[in-house]
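Once you scroll down, you'll see the structures, which are given as structure tokens.
Two complexes are shown next, each including chain A; its partner changes from chain B in the first to chain C in the second.
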Partner chain A sequence: MRWHSNGRKCDGLLQHAADSPQWKKIDSLYLEFGSDRINLRLGLATDGMNLYGNLSSKHSSWPVLLIIYNLSYWLCMKKKYIMLSMMISGPRQPGNDIDVYPSPLIEDLRLLWDEGIEVFNAYEKVNFNLRVLLLCTINNFPAYGNLSGYCVKGHRACLICEENTSYHKLKHGRKTCYIVHRRFLKRNHPYLRLKKAFNGCQEDRTAPPPLTGEEVYNRVCQVEVTYGKTLKHSGVKNIWKKKSIFFELPYWSKLDIRH
Partner chain B sequence: MHVEKNVCDSIIGTLLNIKGKKKDGINAHKDLVEMGVRLELQPQPHGKRTYLPPACHTLTKFEKISFCGCLRGVKVPQGYSSNIKSLVSMEDLKLMGLKSRDYHVLMQDLLPVAIHGIFPKNVRQVITRLCLFFNAICRKVIDPTRLDELENEAIILLCQLEMYFPPSFFDIMVHLIVHLVREIRICGFVFLRWMYPIERCMKIFERYVKNPYRPKTSIV
Partner chain C sequence: MEDITVLCVKCVNLKRLDIELIREHVLCDGFLKNYTTWTWHGEVLDLPYASEKNKCEHSNLYPEDCMDDMICDIGGESVHQAHVFDSLKDDSLTQLYPGCSSFTRLSTILRLFNMKARNGWTDRSFTELLELLHEILPQDNTLTTSHYEAKKILCPMGLEYQKIHACPNDCILYRKEYEGLHKCPICGVSRYRVKDEDEDEDDMKKGPPAKVLWYLLIIPRLKHFFCQC
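Let's turn to the complex of A and B:
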């Protein structure tokens, strides 16, 4: 569990999640948490799976798995060290209502972050206080939309560009495509002046700055949502559909990449 | 992982002109005309039929045979990927039944070899560089000073893809390539955050289900 701080080589290269800026940022923000190396950093993964194989084509259950990032990188993604923390059963996928199910898990995580629990260390034969932090979630793109409460379909499908996503509605293909990648180039790049080779016009917009966690929190804290089946009403459309349940964790809005 | 898989899927679908997976077609050409670019690809009506001029990424039948033949000849070590030979159908000239791991292997190693000598040089270079980019970000040790270089590379690659491929190729998965390097810079590795181990884990859970009436109990 302490391998990430004292068991490995540190030579300035990226080798483990502990080298990443996000990990270091948490350590520096919460000094008390960061100073004890045995405190756990977890990753949460979820995806739909069909338990019945060929017997049913539509069934989908959602296991929620926890990954311990403290372990060395050749162990932490092994089946033996991945914990099945809960199982969202049901013939249908939960969709946007997924937040209802992990609330006991989030409650536990909250308790583990605020106070911690007493755990026995069998190697040194002492009790110690264990605290846990949820570092990120791992999921595919539709589940990403469900967990974060962002609408990942339609014109503004990219969560990182958010409102500044550049899209183009194709008239004949009847699809939305996200083309203008030239805006991410450096300002003096020759591609910016070309017209014929790209979409017929020069590009002068700059790349949109990605949102930080606090900005996202400010946007979603006003959103009202009722879970479950409701009558559809034609209200104001918002690209943020809900305030994700992960924001109940006090550190969640401090993370730069949450999902 | 899903970005890599979906991008590879749409590249192969477009190159081999697989029905249902290709992003190129009469509507894509009409859209290009609508945007006012690459007018040489405009569909030309000939009586009842319409002639679609070949784009730079279109393969002739012989080129497709050489592409599929190359993949059919590949032998891989045991456990590396599924037997590629069984995935290639020489009658229909397409790839069938690929798993996500096979897409990964294709993208990392095999695709640059398979497209040798069949495209115009610029298109070939773009696809090869895309594969090399995916190879570079999936490494186990990354030099943080190289990340800026990789990010620029990703953007230039996407711009070049825009030059050669039709606009309908650029769905949201292709767009997400831009943000991959940012995620690595902030959050660490791809191989610690991808779905392959999770999906493998789920397959194991699926095998535990012996009593279909109580699947959850049999897993727990």
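Let's turn to the complex of A and C:
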């Protein structure tokens, strides 16, 4: 449990979530939490899954898994240490309404952050107060859209550029493609100078900085939403569809990446 | 005088010589240092016996040997459910049938459940098997005769979970202020699976739920986790 501070090799390379800037930011922001190395940092992973294989192509259940990042990198992704915390049964995927379901989990996480729980540690034979932080969520892009409430389709699919997403609609296929996104490459990348292979001009713009948690919170806090499949959505179009339930965790808007 | 093998550094137990000559060799060249078990001079090698080895594997294979530890672990966690712990302890002490020394009631059920899970037996086939075993075993055996009862014995070992009903249209979870409702307050769809549209009101208030959220409580799980490591 304390591997991330004691047993780890620190050579400046990214080996584990503990090497990430977010981990260090938490340590500096929440000194009390960061000083006790046994406090847990979890990752939350979710995705749709079909229980019936190819017998029923429509079914979609959503397991929600928790990953303990305090463990070493060769343990934390093992089957034995990944906890299934929730199972949202099908037959249809919850989509944007997925926020209805994790509410008991978020309540528990809130309790574990605010007060902590008294836990007996069998290794050191002492009782201690355990606090837990949700470090990140792990999901694919469509599931990220469901969890965060950002619209990941159409002309504004890029969650960094938002309104300024540069897209190109193919004339005959009518598909949207994002060819100008080579500006996210390194400044000296050869693709930036290619003309013919892309849209006919060289790319000289730099990548915009990603949104911080507070900025996202400000955009999102006004959005009103009622969950449910049967309801007709209001005519107002917004690229942020909801205030994600994770913002109920007090530290969520302080994190660099919320996915 | 009897010849024995030479244990000096140069000869390394290869020659057989007279005892006087050996003394000379040892004094001149020095004693063979890593020669601690005197196998060339009649000492028996201290190898582990094959039967003992088998015994070790045996105890690793069958989990009932650590049954006491397991029950102890569970007892530490569910002190508030003392009766559950007591019944589990009873089951672990009850013999499968009078005179049976190798199996207790709990260990039998545990092994059978392991096989059931591994091979994907259906609940019904498991019940039939239990009934058959009950007949095969001597009278006064304590084996349960149905899957349901067997499951009840093991229930304190399982994970703690809640089954929270949900609206099939993802409007709400039936918890807190919505707990007692039978219809979704937002979309008006029944909480339960509806077979016929023209059912009367009372029938709408029972039956299997339309959509269930399984929530495996994380707080007891984390407590368990730290109890073990």
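Here is the rule we use: the second predicted complex is superposed on the first by the 229 of 259 C-alpha atoms of A that agree within 3 Å, B and C clash if a C-alpha of one lies under 4 Å from a C-alpha of the other, contacts with A are read in each partner's own complex, and residues count from 1 in each chain.
Just so it is clear, a contact is a pair of C-beta atoms (placed from the backbone, for glycine too) under 8 Å apart; a residue touches a chain by one contact, two chains touch by 3 or more.
Everything numeric here is computed off the predicted structure, so don't read it as measured data.
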Inset, instruction - Sticking to the clash and touch definitions up top, decide whether chain B and chain C on chain A clash or fit. - result: fit
Inset, instruction - With both structures superposed, pick whichever of chain B and chain C touches the larger number of chain A residues. - result: B
Inset, instruction - Report for A:W113: first if it touches chain B alone, second if chain C alone, otherwise both or neither. - result: neither
Inset, instruction - Have a look at where A:G12 lands relative to chain B and chain C in the superposition and call it first, second, both or neither. - result: first
Legend entry - Vertex chain A; arms to chain B and chain C (CA centroids, nearest 10 degrees): 90
Inset, instruction - Using the touch definition from the top, say if A:S89 reaches chain B (first), chain C (second), both or neither. - result: both
Inset, instruction - State whether A:W252 touches chain B only (first), chain C only (second), both chains, or neither. - result: neither
Inset, instruction - Tell me which partner A:Y150 touches in the superposition: chain B (first), chain C (second), both or neither. - result: neither
Inset, instruction - Applying the touch criterion given at the start, work out whether A:H168 contacts chain B, chain C, both or neither, answering first, second, both or neither. - result: first
Inset, instruction - With the two complexes superposed on chain A, say which partner A:W240 touches: chain B (first), chain C (second), both, or neither. - result: neither
Inset, instruction - Please work out whether A:Y227 is in contact with chain B alone, chain C alone, both, or neither, and reply first, second, both or neither. - result: second
Inset, instruction - Kindly classify A:A197 by the partners it touches after superposition: chain B alone (first), chain C alone (second), both, or neither? - result: first
Legend entry - After superposition on chain A, the shortest CA separation from chain B to chain C (Å): 5
Inset, instruction - Would you please give the residues of chain A that touch chain B in one complex and also touch chain C in the other complex? - result: 84, 87, 89
Legend entry - chain C-facing residues of chain A, complex: 1, 40, 66, 83-89, 94-95, 97-98, 100-101, 103-105, 108-109, 111-112, 117, 119-123, 130, 132, 226-231
Inset, instruction - Could you pull out which chain A residues touch chain B in their complex? - result: 12-17, 19-23, 43, 45, 47, 49-53, 55, 61, 63, 65, 69, 73, 76-79, 82, 84, 87, 89, 135-136, 138-141, 152, 157-158, 160, 168, 170-175, 177-179, 181-182, 184-186, 191, 196-200, 210, 256-257
Inset, instruction - Give every residue of chain C touching chain A within the complex, in rising order. - result: 76, 162, 164, 166-167, 169-173, 175, 184, 186-187, 189, 211-219, 221-223, 226-229
Inset, instruction - Going by the contact rule at the top, pick out the chain B residues touching chain A in the complex. - result: 2, 26-28, 30-31, 34-38, 140-144, 152, 155-156, 158-159, 162-163, 167-176, 178-179, 182-189, 191-195, 197-202, 204-206, 209, 212, 215-216, 219-220
